[in-house]
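Order of writing sets the chain letters: A, B and C. Residues in each chain are counted from 1.
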């Protein structure tokens, strides 16, 4: 039963990872910006939700505010950090360092505002019931799965069926097609950052009510999104989501074999192995060396 | 006359697309060969295959009659093959002088073979190359800070200084103003006079007629024709392909 | 007060070696590693074990630390040869995360979370050099020797070949540079120097544990190099001074509560990283890019 229990919590963690990683992959796929401040978006959304919940606002207001903050931060990064750097032909590393700097800023601001410790929003949804002998499940599990499926479905539909979505997919591959569509790459990159950042919100809110938030979560989420994006095949939304789910499950299942300390490392062993032996990831095209 | 460099039945597919198929090409000693053809004909890919930057699917690359197929680019370079790139690929954050120095140092250790004598020889070669390419004034400037024409000449200076016997030049004169172009043509003629074997990719047919002794015409990865410039450039079918493609 | 200053100077010297070593990778070879604390740590553990088990000779410890780090630098060289750009950064992140887990789990070698304690006072050829002033003197000598070596190497053909690879790998190959061998050597050199810094650090602290070799440390060193200016000799040292003096300086400001100094320091260096990347990507000591 321990195995099943771990599998279930792995799937729950994985659902959150999947959505967040999909946001990262969406942004990278469309704009070729390695948005490592995505973890900071996640942390900001989570703490916004936390602050409003602690102030007594209902959950949907908190979640709404988290969404606004996340999207605003994504757009801010695009506008005031990435674009000025790209204007003077900054290398990928310049972009990376700038984004990393901003996530450090966000993490320390949160530390100053909320302290270093864990913070959880209490919710009746997290009370666990015994669904099978020895298997405990909280309602939040179904919420997480449901939200992840709905969000992922919606984004997929958007990317495949709408003009804006198709433009977004074409942005990195075929800029000429964009002109034919009458879309500006500027506007599309805004859409990518807005939508990608929004995808971090459900995970942030769910994490706030389940395992809790801490300032360092921004780095943790960044690492996981990055790992999932690489393992899934950089730029592939489906791959990132699947790899996110996989990482969540692996992280939890490892506990049944090894010490808990190894669980965080397990994901990175997978990442390292992929980069060495299959850098194109699960669904990526061959990497241009 | 010898054939220092030759390509036999070279094949390369990218995905399903045949980028180069069954191409034969002989570079004869001291002869300048131009690769001509519409965009996407596989000219640059042919260079990449010849220098080991891309591994071919089939065929043979011979240097002085010996196969160099599958050897890494730095081995082939050390055998006396130098090349330029369409997008130049200068060592941007290094000085002009260091660009040329880095290009000619045979190994990369603290001490170069040959000691002080060789070092002075190398410095002399660097100075001479910079002088011939008109870059002496800019020797200490960083490559990225050069003007467009100067950057093109630096890419030639790197090759010139190596003393390589075989030069593969990828669109070396594109975008040059008439004055610089004339200087470039002279530079290549001087090299040929010194016995260098040259293969160049060029879109400007004026330069091709000025420099080339032979033309190989490529289209969609295959060599359609090879011969003296007058023959090739008077063939209405080839000219049709060349300009037809260029207009669309 | 003098004791405090000597202590600070010793720490700055050790970090100076560390930053100079990362500069070999980032600045000259264009290998953007964020796993540098791993090799600092390997050197520290190796030096500490040597002192604990055999002989507390600081010079031998430096050599041992450098050798171990150089040998294990293959873990970093391998991905550096296979992938570039974002993929390599991701790989080095993976390596960093795995190493932290190994450091905290391999009790027999690293003492686990508790670390290795009771490192005996440093000696040099049998003479006690553990007092602050002589130890500083020794550290400064090591720094001077290593800086001289880096200067010699980077001004020579080795450095030119590395920078050529940094600026254009394919062109460097086309001019006869053995990219694989050069990158492997550059990684070994940078990591060996980090190992030397680690061994010194072990004697300086008299104990070592995993806390000093985490991702945060890697980022701090990266920030030092980047803020100071890459590919210059003075840049990383300047960065070290700025970032080490920052917390000391902040503690003199009355309006910052002492508990927040850490967070404020992070905030400032994060902000500095981002702003520098936007306005002066070559760093403070670097030229216009």
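General remarks:
Heads up, the rule we're going with is that a residue touches a chain if its C-beta (ideal position, glycine included) is under 8 Å from a C-beta of that chain, and two chains touch if they have at least 3 such contacts.
Bear in mind the structure is a predicted one, so any value in this text is a computation, not a measurement.
Ranked by how close its C-alpha mean sits to the mean of all protein C-alpha atoms, the top chain is C.
Put simply, the chain farthest from chain A by mean CA position is B.
Per-chain CA centroids place chain A at a distance of 31 Å from chain C. With centres defined as mean CA coordinates, chain B is found 47 Å away from chain A. A separation of 42 Å divides the Cα centre of chain B from that of chain C. Among all residues of chain C, those that touch two or more other chains are 289. Listing the residues of chain A that touch chain C in their complex gives 34, 81, 84-85, 88, 90, 92-105, 107-109, 111-112, 219, 223, 226-227, 230, 234, 259, 261-262, 264-265, 267-269, 271-272, 275-276, 279, 287, 289. Contact residues on chain C toward chain A in their complex (touch as defined above): 26, 32, 78-79, 82-91, 93-95, 97-98, 100-102, 104-105, 215, 219, 222-223, 226, 260, 262-264, 266-267, 269-275, 277-278, 281, 289. The touching residues of chain B, counted against chain C in their complex, run 51, 53, 72-74, 77-78, 82-83, 85, 89-94, 98-99, 101-110, 112, 143, 158, 162. Contacts from chain C toward chain B in the complex involve residues 152-153, 156-158, 160-164, 166-168, 170-179, 182, 231, 289.
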